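Please see the structure below; I have some questions.
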Amino acid sequence: MALERSDVEKIAHLARLGLNDADLPRTTDALNSILGLVDQMQAVDTQGIAPLAHPLEASQRLRPDQVTEHNQREAYQAIAPATENGLYLVPKVIE
Amino acid sequence: MQWEVVIGLEIHTQLATQSKIFSGSATTFGSEPNTQASLVDLGMPGVLPVLNAEAVRMAVMFGLAVGAHIGQRNVFARKNYFYPDLPKGYQISQMDHPVVGKGYLDITLEDGTIKRVGITRAHLEEDAGKSLHEDFNGATGIDLNRAGTPLLEIVSEPDMRSAKEAVAYVKAIHALVRYLGICDGNMAEGSLRCDCNVSVRPKGQAEFGTRCEIKNVNSFRFIERAINHEVQRQIELIEDGGRVVQETRLYDPNKDVTRSMRSKEEANDYRYFPDPDLLPVVIEDAFIEQVRSALPELPPQKVERFQRQYGLSPYDAAVLAASREQADYFEAVAAIGGDAKLAANWVMVELGSLLNKLGIDIDQAPVSAELLGGMLLRIRDNTLSGKLAKMVFEAMAAGEGNADQVIEAKGLKQVTDSGAIETLLDEVLAANTQQVEQYRAADEAKRAKMFGFFVGQAMKASKGKANPGQVNEWLKRKLEG
Amino acid sequence: MHELTLAQIARGLADKTFSSEELTGALLARIAEHDGRLNSFISVTAERALAQARAADARRASGETGALLGAPVAHKDLFCTHGVRTTCASRMLENFEAPYNATVVEKLDAAGMVTLGKTNMDEFAMGSASENSHFGPVKNPWNLEHVPGGSSGGSAAAVAARLLPASTGTDTGGSIRQPAAFTNLTGLKPTYGRVSRWGMIAYASSLDQGGPLARTAEDCALLLQGMAGFDPKDSTSIDEPVPDFSAGLNTSLEGLSIGVPKEYFSPGLDPRIGDAVQATVAELQKLGARVVDISLPNLGHAIPAYYVIAPAEASSNLSRFDGVRFGYRCEHPADLTDLYKRSRGEGFGAEVQRRIMVGTYALSAGYYDAYYVKAQQVRRLIKNDFMAAFEQVDVILGPTTPNPAWKIGAKSADPVAAYLEDFYTITANMAGLPGLSMPAGFVDGLPVGVQLLAPYFQEGRLLNVAHRYQQVTDWHRRSPEGF
């Protein structure tokens, strides 16, 4: 099932990627080419096979509940595009 | 048409850990913006989460307290969406394998009946930061101090049938998490937040109506008002021939209305998948048993014990056990004062109305359990009458010292010397000869009414210090001589 | 001096034949002279390097020893380095200075290594040619018209051109082994979890693994020793003892069983590379190894599954680049959505955007089971194949790549053409197994690599086989003309 231009626009919106209209046909073709490759996997019989999310199948190690981090706002905000009064700034959020 | 209301709740409780769920930042409320936001909380490139053991332990405590199955293999998943208070562009949460499975909680309704509310699940996740909507030249400010605070999201079955039931359930959860010590329950600071799923259906209909979700309602009063308002809105909408649209709504307590949240209306496709930075959390049976054995006494057991141990009525036991702090306070007063029923009365009535008046919780009570218990001793040894005790209580609340100090300073010691009381009564009777004659001439029924007059005069003459029991006894003797 | 391997440098520094400062100065001069042709570095940190070299010399003068003390290295530009920008070869991070060090950087710094700079790569490690870089493509020193492989192409080209003896790389689907093969190096992808991922900017978290690139197996052992180890900051890091990788290098190969999967000799394989593989097998047989025919029946399904799993994880990993807290932010965003879309649309290159979209699609409602879950099931089949194979053999051997390095631009038009070149390498990432590529010949003047795979935690075995092979062959000693 090939992606249409509108599908690509929907995916790009979900991923918050601003695509140029001019690039859309090329992007659509490329994605269809990749999905064509990926779809070869559908032929594999995976009935009853448990998905494998992590290669080693280990279990999570837990961290003791200790405060180890301290205020480094100045250093961390030195690389931020826009801050004021210690806050990160974004265009107005409307709820 | 008769409508039935159906309510299910999602309660987000911030767990009372020292550090965040996936980083070593502090979780203290109210710090300067972004001073508690570490590399991990900020979602810096290259950073990785490591799970806080205490958050897991607390989730297990909750699960055991609501009789739930504890997941043995718990998977964290990413919930993907873009929002400025969500630094990584995904929230680490749980989807298919939550720590806490199906359980239940029994709640006591206003009429004293017990209702069982089903708990669908409870899962661990990280809190988001905060968007500050004050205007920064047309911009919104983002504070990520809260980002990564551990949350236990408790999802109920749609078992509640009125706003009052919903509030009773939230109160029961609130009490429970505080009993367990896993959440400070401070709703004003957002430690416990509630999303209400509300729908209506014609009475007798089996299928649920279309529901709306009211987001982030943060006080018991607002929960009741928001739900009632939403119920009204839905009923009116349907009766006017309209249809309820499934949506997320926001309650505005200032205007007492709910309104649609446009920002959440976009079709959500959260693309959940197992977080590849975190491995499955395996919870061993031995760990569960260890947590179980360390569980504190919970409300139902406490109510039962209060009745058994102290001879309290079911109602009094339930009221006193409603919060762990109040129950502990009561038990301390009872232990010092030596009379549980007297202690129950004072805690529920005098202390209760004082706290109500001041609008504070029992852990901030101006009269400590030690002070109150000490005062009860003076009531029991007849130093204080009930009336004097109230005066002493007020003085203690005003910080004037313990009961003995107040009694001493104000000369409030009850007069129990029978000679002094006799003299006093003789004076009262001598000053009211007319009433004495009337009394003696009256029948039994009238006498009973008139008796109070003499008691009042006697107490007044003694400035309230005469022992009322003795006054009664001697008056009767003298009048009926 | 530039021909010295890490092992030789260690001896030279220990013998005081030269100082770290002298060595560092010489290599910096070489970088200045030659890297214009290669574009293998994004940042050269000359001042810092000289300061580190002097500090290393001082440590040695005060009696400290250590194989890596004062030895030069360069980091793939996705390892966060405090004080030096970390770009991921992306416009998104063009000016990003991480406020912390990756664990790998921290460990190698502590061992006294001298960092000469940060190497060029495919943007966010997405690519097999190091062409997808905001800073321009990397050239293969063996033929400047050809790609050096990727995504760790800068790390490979710099070492192959003798600009330095060793470098760090990362491998998500072959990104260490394939450039090693294309540039006549030895490159090792360790067992998943062997090297900490803290501070290594993620492409696909369940597949990414850092490792060394060098000219010899002996040098890979030295550098891996410095990189490996349990890290409490990485939940997926494995708390297993790290063996002494150098100690087992000379172990005899007598009785070693080598599995050669029949599926490896597929029509896509350049027969001359097939010949090189057979020649390598013959050489190892002379060293006492015996060859066993084995089968990896699900090999052919690996690429489709990989191109679901890696993009799915990437689509989520790269969501944090939103123009708010760090990195590129578009000019004058009209609103929040515009801020996101333009910052990301302008900040990410085409291949990165493609993979984000593929991953977003694979995880989206209605497709999750058909794509993501299916791919994870295939992943288990692939792992199961290896578990069965390792019941029979000690190591698996085959080509690293189906073809030698292609011409720059030859596979730019169709992304899928390049994906197919990962045929031999990606299975190790899917299963989390250690894998090594070593030089094994030349085709048309371009290097050919042979890949060895071993069971979990047996990096030492891979290094041992490669080292013994390198004792009896000289492919790895050949250097590209003009460098």
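Letters are used for the chains, namely A, B and C, taken in the order the chains are written, and counting of residues starts over at 1 for each.
The rule is short, and it goes like this: contacts are C-beta pairs under 8 Å (C-beta built on N, C-alpha and C of every residue); 3 or more make two chains touch, one makes a residue touch a chain.
None of these values were measured; they are calculated from a predicted model.
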| item | value |
| --- | --- |
| Between chain A and chain C, the fewest steps along chains that touch one another | 1 |
| Identity of the chain that, by mean CA position, is farthest from chain C | B |
| Chain nearest the overall Cα centroid | A |
| Euclidean distance of C-alpha centroids - chain A vs chain C, Å | 23 |
| Inter-centroid spacing, chain B versus chain A (mean Cα positions, whole Å) | 41 |
| Interchain centroid distance [CA atoms averaged], chain B/chain C, Å | 57 |
| Multi-partner residues of chain B (at least 2 other chains) | 39, 42, 44, 50-51, 82, 84, 142, 269, 271, 276, 278-279 |
| Contacts with 2+ other chains: residues of chain A | 14, 16, 53-54, 58, 60-61, 63, 72, 76, 82, 88, 90-93 |
| Interface hub residues of chain C, defined as touching at least two other chains | 96, 99, 206, 232, 235-236, 315, 319, 322, 324-327, 336, 340, 360, 364 |
| In the complex with chain C, residue positions of chain A that touch it | 3, 7-8, 11-20, 23, 27, 30-31, 33-42, 44, 46, 49-56, 58, 60-61, 63, 72, 75-76, 78-82, 88, 90-93 |
| Interface residues, chain B side, partner chain C - complex | 39, 42-51, 78, 80, 82, 84, 87-90, 142, 269, 271-273, 276-279 |
| Complex interface listing, chain A residues touching chain B | 14, 16, 53-54, 58-69, 71-73, 76-77, 82, 84-95 |
| Interface residues, chain B side, partner chain A - complex | 17-19, 23-26, 32-39, 42, 44, 50-56, 82, 84, 131-133, 135-136, 138-144, 250, 261-263, 269, 271, 274, 276, 278-282 |
| Residues of chain C that touch chain A when the two form their complex | 96-97, 99, 191-193, 206, 232, 235-236, 238-239, 298, 301, 303-305, 307-308, 315, 319, 322-327, 329, 333-342, 344-346, 348, 350, 353-354, 356-358, 360-362, 364, 370-371, 373-381, 383, 414-416, 419-420, 429-433, 456 |
